[in-house]
Each structure stands twice: as C-alpha cells, then as structure tokens.
Amino acid sequence: MHRTGELYGQFENLDQQRESASLGMWVFLVTEVLFFGGMFMTYTLNRSTYPEIFGEASRSINLTLGAINTVVLIGSSLTMAMSVWAAQVGKKQLVSIFLILTLVLGSVFLGIKGVEYHEKFVEHHVPGLNFNFEPGADAATNSHAQLFFSLYFAMTGLHALHMIIGAGLLIWLIRESFKGRFTPEYSTPVDLVGLYWHFVDIVWIFLFPLLYLIDRH
Amino acid sequence: MSTPNNLGGPPSNSGGYQLPRDHYLNSTYGIRSWLLTTDHKRIALLYLISVTFFFFIGGTFASLIRIHLLTPNGYLVTPETYNKLFTMHGVAMIFFFLIPSIPAVLGNFLIPLMIGAKDLAFPKINLLSWYIYLVGGCFVLYSFATGGLDTGWTFYTPLSSVYSNSAVTPAVLGIFINGFSSILTGLNFIVTIHTMRAPGMTWFRLPLFVWAHYATSVIFILGTPVIAITLLLAGLERMLHLGFFNPVLGGDPILFQHLFWFYSHPAVYIMILPAMGVISEIIPTFARKPIFGYSFIAGSSIAIAVIGFFVWAHHMFLTGESAYAALTFSFLSYLVAIPSAVKTFNWTSTLYKGSISWETPMLYGLGFIGLFLIGGLTGLFLACLGLDIHLHDTYFVIAHFHYIMVGGAVMGYVGGLHFWWPKITGRLYPEGLAKTAAVTLFIGFNLTFFPQFILGYLGMPRRYHSYPPEFQVFNVMSTAGASILALGYLLPMIYLTWSMRYGKIAGPNPWPATGLEWKTASPPLTENFDVTPEVNWEPYDFDNRHDLGLDVKGAPSLAPAHGDD
Amino acid sequence: MSDNSSDTHSEHHIVSPKVYLTIFAALMVCTFLTVEAAKIDLNAYFGGLNIIVALVIATFKASLVVLFFMHGKYSPKRTKLVIICSIFWLATMLFMTMSDYVTRAWK
Amino acid sequence: MQSQLPLYPEQASNFAPSVDALMVYIIAICLFFAVAVTIAVVYFFFKYKRKSPGEIGIPIHGDMRLEVVWLVVPLLLALTMFAGGAVIYVDYRRPPLDTLDIYVIGKQWMWKLQQPTGLREINELHVPVGRNVKLILASEDVIHNFSVPDFRVKMDVVPGHYNTMWFRPTKPGRYHFFCSQYCGTNHALMGGWVTVMEPSDYETWLSGTSAADANPVVAGQKLFTEKACATCHLQDGSGRAPSLNGVYEAKVLLADGSTVTADDAYLRESILAPSAKIVAGYQPLMPPFQGQLTEEEILALTAYIKSLQSQPVPAKGAGVAPAGKK
C-alpha cells in the first residue's frame, strides 16, 4: 500500500486521505452552491417583479464580451480537465502546460470582465458610485434598474472573486508542477483545484443567460 | 483493542488512580504550542475558553436587561441602551455562544475519540475555524464597543440597512466571517464521520452523539452560506445605499426575512440537536442499559435536520405572506415536532428497568427532559396559525425559545461538560457542589422564564424597554429567577476551574460508560489511542462488556445488530 | 476504512482527452444555441419560453461539466448524493420562497 | 376587570373566544403529555435507583409497536391542532365584505389612523361595537406591527406592502394596542388605545369631533373633484397627470432634469401656473387656475394634497410614493 506523496498524521493510509480530501471539496462546493443561491434567490424575485426594466437594463450590457467570456471560461475548464488527465497518466510536462493555459484563459476572462466593468462605469451604471440609468428616466425606473445593476455587480463580482482565488491556487499548482510533484499516485491537489475551477465555470454558465440574455429579441 | 499501557493506574475501579504520564495537555508546552496546535482536543479547549467569554458577555447583558425590567418605566438605562442590550445579548449568545458551544467544544473534542480516529480529517482547517471565529468575534466586539448594535439579532431590513444609527456594518461583517467558521467545522465533521471511523465502527454502532453532530453539520453546510450572503447583501445595502431589501428603492424587506430564516430556523436545530446527542449519551450511561430505540433516535436527528429546512416561514405568518404558504409552513412545522417527541419518549423508556444513579450529569439529563419538554410543547402553540396571531412577537415567544436554547441547549452543554470533564481534564469535579448547581439552575431557570409564558399570553410585546404596569408582577418574578440562574452559572465556572488542579483523579472510565472515548486514558494521548482501536461491541451495551468491572451475569447473550428489534 | 474501500478504485477513473474534447464541443454548440435562442422572441409562442429555454440549456451545460469535467459520472455514490443534496436544497429555497410570492394574489 | 394576577387578557373581539378555546385545547393535550412523561421519569428515578455499585440495567433495546404508537398518536393530535389554527387563520386573513375601513399608518414611533369620514386620530382608535372593522396598514419607514391583545389580533405593517387585518369588537371599553414588531428606539412607546363604543356613541363622537365642512381637507377634497383635478391626477399614477399621493415635501424631478422639493410654495405655483415647472415624463396639459380660485380654496386644495401625504400609496410593485412625479 506504500505510495509516494505525503501522508498526514491523522490518516491511516493514502486512500483514506485522498478520499477525505475529495469528499471535503465536494461538501465545500455544496456550501458554495447555497452561497450563490442566496443571490440567485434575490435575483429571481426582483426579476419577476420588474421584468421589463430588467430586460431593458440587461440590454445595456455587452453581449459580445459576455459571449466571448463564456467561451474563454469553458475553454479554461477544458484545459483544467486536461491537466487532471495529464497528472493521472503521468505526463508531468503536460500538467504544467495545461495549468498555465488555464491560468492564461482565466486571466483573459478577468481582463474582459474588467473592460465590461469599465464600460459600465463610463455609462454611469455603477450603483453606489455614480448611478444614473438613462437621462430622463423617472425615479422608479432608475431605482429598479439600479436593482438590476446591483445584482449584476454583486453576482459577477463574487464570481470574479472566486476566479481570483482560483488563479492564486493555479499559480501554486504550477509551481508545484514544475517540481514534478504530481504523479498518477498523487494528483489530489490538481483534482481538487479542478473541481473548484469547474464549479466556478458552472456558476458562470448560469450567470451568462440570466444577466446578459434577458430580453435580446 | 487498545492495550492499557498508558491508561494511568489500575484498569478496574479499585481507586487510587494516577494521571497518565503522557497526555495531550502535557505533550508540549508554551503559548505557541496552543495557538498553533492542530490537536482537536486542544482546539476544543481554545473554543471552550472563547465561548465562555462570549457567554459571560451575553450573560452580563441579560442581567442588565432583567434589572431594567423590574419596574414598568425602567430607570436603569435609556431606551437606546436597552435596545442595544437585547440586541447584543442575542448576537453574542446565538452566533458566538450557542451555535459553536456543543459542536465546537464537545464535538471537536469527542468525535475523533468516539469513532476511533487520531484527529479530525482536516486538523489545520479545524484550527483555521477557530481563528475565523476569533476574527468574526473581534468585528462584533468592535461593533459593541463603538456605538453598539440596536437592530435586534434578526437584523430586519429596512431598520438595519437604512434606519439604524448603530454600528451595524462591523457586526454584520463579523457574523458573515463567523459563518465560515461554522461551515468549516461542519465540513470537517462530515468528512471525518464518513472516512475516519475505526475498523468495526459501522454507522449503526456510532454513538448517538455522533449522529446528532452529523445532522448538525448538514445544517451547518447547507444553511450557513445563505445567512452569510444575506447579511453581506444587507451590509452592502447599508454601505452603498443599494436597494435589495429596501422598499423605497424597489426591494422587498420580506425577502430578507425569507433568506434570514432559511438559515436561522434550522440554526435552532444546530443548537438543540447536539444537546440531544449529549443527553442520548448521558441517559444510557447512568441508567446502565442500552438506549431504547437506537435507530429511531438516530433517524430522528436526521429527520429534524432535513424537515427543519422546510418550516422557516412560520416566523413570518403575520408579515402578509400568502395564506397558502402559511398553511403549508404551519403543517410542515407540526411534522418537525414528531421526531422530537420520538426522542423524548425513547429517553423516558430507557429509564425503565435501568440501574439509575443520581450523579450530576444524570440530573442535567433529567432537567433537560423536563425543560425541553416544555420548550418543545410550547412550540406547538406557535406553529398553530390561529394562536400565532395572538402570540407572535410576545414574551411567549421569548419564553419558548429560552426553554429550548437555555433549558435545552445550555443544560445539555453544561451536563455534557460535567459528563466528559474527567475525560477532558483527567479529574473529577466536587459532586456535592455540582448537584447543588444543577438544582439551582433548574429552579432559577423555571422561575425566570415560566412567568414569561403568561406575560406573553397577556400580550406583552417583546423588545420593550417599558411596559404597562399591569405586567409588573410577572416581570419581578422573572428578574428574581434570573438572579438565581446567574448564581447557578457562576458555581460551575468556579468549581470546574478549581477541579482542573485540585479535583480527584478520575481514571480512564469513572462512570463507567461504554463509548470508545472511555477506552483511552484521561486525559487522552495526543494521538488519542496507542493503536487504532477495533470495535466489536454494540453501542450502550453493558450486558456483554466484561471490561467495565460491573456485575455482568453469566455468559454473553446475543445482542441484536442495530440495538433494537 | 469502513464503507470506503469499495469506492477506492472508481475515484481514479481516467477520462480520455477525446471525451473532454467532445464535451467541450458540445458546450460550445450550446453556448451558440443559447445566444441565438435569446434573439428570437419565443415568448410570443408561450409566455416565458425564452427564459425556460435559456435555463434548460444552462442546466444541460452544467450537467455536462459536472458529469464529465468533474468526473461526477464516475464518482462514488456518496459524491452523487452530495451533488443531489446541493441541487435539492437550492431548489427548495427558490421554490418555497417563490411559492409565497406567487400565491399571494390567490383568493 | 380581572383579579390582581390575570392569566389571560380580556375577550373583547370575535376572535378572542375561539383563540382562547384553541389555547385550552392545546394546553390540555400538552399538559397530558408533560405530566405523563414527568411522572414516568420521576417514578423511574426512584423505582430504579441504583442499589449496588456494580448493578446494571435490564437490556431492553426497543419496541417497534411502541415506536409506531408514539410516532402516529402525536402526529394525529398535531394535525388536529393544525386544523384548529388553520380555521381561525383563514377566517382572519379573509375580511368580510361589509367592513368599516380604517387606514392605519405606522411611522417611527407613532400611529396615524384615519376614519372613513376622513377624521384623523393619533395613537387612538374609536370603533363601534359589533361592527366588522378592517384596518388597512401601511408603513412610512420600517416594519411595525399593529397588535391588540384583548382582540387576539395583530399584523405586521410593512413598508411597500399593504396588509389588512380585521376584527369585530364585542365589548365596549378601552383596550391597549401595541407595536409589536421591533422598530427602533422608541418601539415600546409606539402604542395607544382602542376605544370601543356603542354605535350611537360612535356616531355622536364622529359628528361631534370632525365638523366635516369646516375641515379644510374635506373642503379641498370636494374642490379636487369639482374642478376636475381628479380626472387626470389619478391616485395610482396611471392618469395623464402624476399622482399626488405623497408628493408633499417629496423631491420632484422636472422635465429639464432639475429637482425641486414639493413644499407649500411649489404646490401653490403648480396650481396657479402649472407650466412653470413640468414634471419629467408628463405633457404640459393642465390649465392655469390663476384668478379662478380664492386663497381659501387654494389652502383647502393644498391641505387636501398634503393629506394625501400619508395615505397608503398604491404604486406598482414597490408601493413607493412616486416621488419623482407631481
């Protein structure tokens, strides 16, 4: 049963250790689902209360950038999955390459997100900062549109925060992979960061239609 | 089975024990060895100190509240201060004492011992939880110290997010941060219970304490993230003048209540389930017989955790929520009462034909059954739609949830501390004093809170700094009871601390009890067991345990697999 | 140890790059579809059809990611239970809260 | 009145007897179980007290029949409680049609109540005995709760929502009402008295106090109809002119992008020379009333518009006073 990789004192063997880590990550993702869930709940109620204004506000965000970002993020999920595969089959160099690709795609996503935020800033669409939905809009429209943008920034902001944490984890993984740490016997860190990264991808898969595609016809 | 080479003294009860040579308390020394420890037992003690600190703070606020309410017009503090007192009492007690108390102290200490593991699955995360708790606690203390908090512990919007002039933002952030402490503790417990059980420790051999903590952890991980994000949104609303829950800007204040209670109702079960687990350990031990209906008690813990998530809007019957939703939530609330009833009946039946000793933990067990019974039954009044119209937001509610949280959860916690004190410290507390304290607590508690049921039915609303004079008699009774109650809490604080140094050496299994935690030394080794133990007995089975030194007659009889038929 | 030995080997299932690429292609097609579907006024045929279509596609995409990228399909039962729990509780929160708002107008 | 130590409040409404009866029913069931369990526990404690240090109990692991009994019996009893409560609640949430409607506005920390005649009261409510009374509840700031223990009724007063509650007083007298949803500093002082009167006394009180014609608000309301203001300034904001509910002292956004506060002066100007300041989103349709109204009439109209200030404001969704419109 002896394998390479570090066995922590509290465990009896590596199988138990790996399984605990994997279960732990999945349970953590459950809490993440519910964490985002509170925002999705707030979104659902407000959108059902103000469907027209949500549609109108949604049309003001940049669909092209959003769609490109969706492709980029799903692409990064692919490279992440490939690096898990590379670790499992023992191709140490490929692990590093795919991890770097993932990090690059993740950074591209964040960069595009930054461009979008900047657009919103210029258009005076940032709640709490300079909000003014459109010239001549009455107070009610303005505050309901502000609700949409509050949710837009809260949801995508929280998502981006998760991406930044994920990028930090990737940098750590890349360093470890340069040392050749990941082998078919010991790929737990890559597996776990992979799970986290895919989860962040899934959140975006829902955010994209809910925020960008409300009323595009 | 572990060999008793480091158990400290003779293995059977011939008296004159000695402390083991090596144990978790003396393995390393210095402040660093505590602040950087990853030993679940030491972390449990760190939690013990910190939750006691918050209990003391919350208790001080409670005393001031009770003194203020002696007279109808309350001369002690101003209305602003009174509102801050009850808010800070609630926040300190609920988020920083009751929720972490049993899980983070007793659960942390005992779960690995009970299942035969060396530690929790993620010891570093366990330590991290404690630090997160401290950081959250500091934010809240900062809020208390700079302007206080006057929103009520429920933080209802738009009062909290727009109108309050107190230090809401740091408090909300503190509770948000503290939420991650709960989440990580729950995550740790779930993984540990799944993957770290010793050979032979099947699911249906788990102590009921572990089942209760499994159920609690499920609530931790499913509920806590929702309150975290909700309070974060409310905090953002306050800081940036957003409108999520502010009707003036198009938001909906009732949505806040939905999200808040989605966590905060199950949170009540976070407080009471672990206490039920403690009682399920104490009663069979001191009745010296298997618990009646093991699988029903275990199952009811899970049922409470699951159904407890579907009842939250019974806090909102009078907010104008849909009558159909109210009917549904009232119906489901009655369903969640049933598993609690099942537990109570099973505990009572366990006493039948037992060999009952009247030692302190058992007195707490008895007290728990009585108080939880009243607390649980009065829940039936509040779940009842027609009665809730009258009782909602009155002192009836206050009395009801104090019977559950103080009469139930705190009695369970203090009882559990007494039960496992010999295991934690290796020493016994003074029995006579402990019995006196238990009786004092019971009497003081009832005198404090029973009159509040009547006050509530008479219509006295909660959170009132002054009240019409016709309510005074019951308030005076309540305050009198509170002073007895305070004495009841001070006593254990004093003699338990005293016993850490001067108490009689306990030996590995003083009661004796059947759990795995009693098979190792008191206090245990850092690694808990010399060798990984193997479990080949059923839970709470005294009849076939020849190693406990009891009068077991004849040859071992066949025990059913699940502990009930 | 007790109930985990049977799960051990399934954890190490290796999914081939070919599968990953196929899934990626499917995800790209779905992304294209969801954008195009949003540009058509489906609501004219059936109230709220636009959002239904968008959410069905998103759920399908998410399922692909969970099942293949995250190896959900090859995971032990316990992991599947965890996934189902998260969906169930999220749905509970959304559904039961909305049930209050939706039924307020009923008489 | 009751003795020195009452155990229940007065029964002064149609709901009180049924709520009390349900209370007694549930107490009876709970008392039965509480007493049964307590007697059992105490009896076992003495009966099976340990006799020798090494004694163990008789191993009994459980009994399926018993488990089923105490699963099913409490469940059935609980369902009867649910049903009893549901009947009262459904009745409470569906007010009858022939009600005396009273508007109630909660604000930090006072109650403003308005009789159907337009008569206003603060922290006092007069109602006739035997008449179905419906309260329409609105809040100007935070969540409050209107609670009358002697009637066994209460309801949250939520900003942005209308809530309604109803009761039928059955006994003349004076009864406390409270705010029972925590609402800030002086929450405990936010209460008052409901006075239940014989119908004839109530009529006398109404006519004696209000003197309807002398009331500028009533006069203004009459003018508002006579001068056809009401045809455009619809209450719900759907008319050709903005709703005037809550406009007084509110910020108004004008067509040129600036904002003004709708104070007395602004209201006066807008009546006399409406095109001077046009509210954003509206056409300049209103005729000027310069020279057509006496000062007294202007005052009356202004008073009426001010009185719309705290009336519950039906607006779409949030129920915010459409503060941006005039």
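So that you can tell them apart, the chains are marked A, B, C and D in the order they are listed, and the count of residues begins at 1 in each.
Just so it is clear, a contact is a pair of C-beta atoms (placed from the backbone, for glycine too) under 8 Å apart; a residue touches a chain by one contact, two chains touch by 3 or more.
Treat the numbers as computed from the prediction; the structure is a model and nothing was measured.
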Contact-richer chain pair [A-D vs A-B]: A-B
Maximum centroid distance from chain C, chain identifier (CA atoms): D
Centroid distance [mean C-alpha coordinates] between chain D and chain C, Å: 44
Centroid distance [mean C-alpha coordinates] between chain D and chain B, Å: 37
Residue list for chain D, restricted to those that touch at least two other chains: 94, 317-318, 320
Sequence positions of chain A contacting 2 or more other chains: 12, 16, 19, 23, 27, 30, 34, 37-38, 41, 45, 49-50, 140, 143-144
Contacts with 2+ other chains: residues of chain B: 194-196, 222, 226, 248-252, 254-255, 258-259, 320, 323
Touching chain combinations (by label order): A-B, A-C, A-D, B-C, B-D
Partner chain A, residues of chain D touching it in the complex: 253, 257, 280-281, 315-318, 320, 322-325
Chain C - residues contacting chain A, complex: 1, 4-5, 7-8, 11-12, 14-17, 20-21, 23-24, 27-28, 31, 34-35, 38-43, 50-51, 54-55, 57-58, 61-62, 65-66, 68-70, 78-79, 82-83, 85-87, 89-90, 93-94, 97-98, 101
Residues on chain B engaged by chain D in the complex (per definition of touch): 79-80, 83, 150, 152, 156, 158-159, 162-164, 247-254, 287-290, 292-296, 317-320, 323, 326-327, 330-331, 334-335, 337-338, 341-342, 344-346, 348-349, 351-358, 366, 369-370, 373-374, 377-378, 380-381, 383-390, 392-394, 454, 457-459, 461-468, 470, 473, 541-543, 549-552, 557, 559-560, 563-565
Chain C partner contacts - residues on chain B that touch it in the complex: 194-203, 222, 226, 254-255, 258-259, 262, 309-310, 313, 320-325, 328
Complex contacts: residues of chain A adjacent to chain D: 49-50, 135-136, 138-140, 143-144
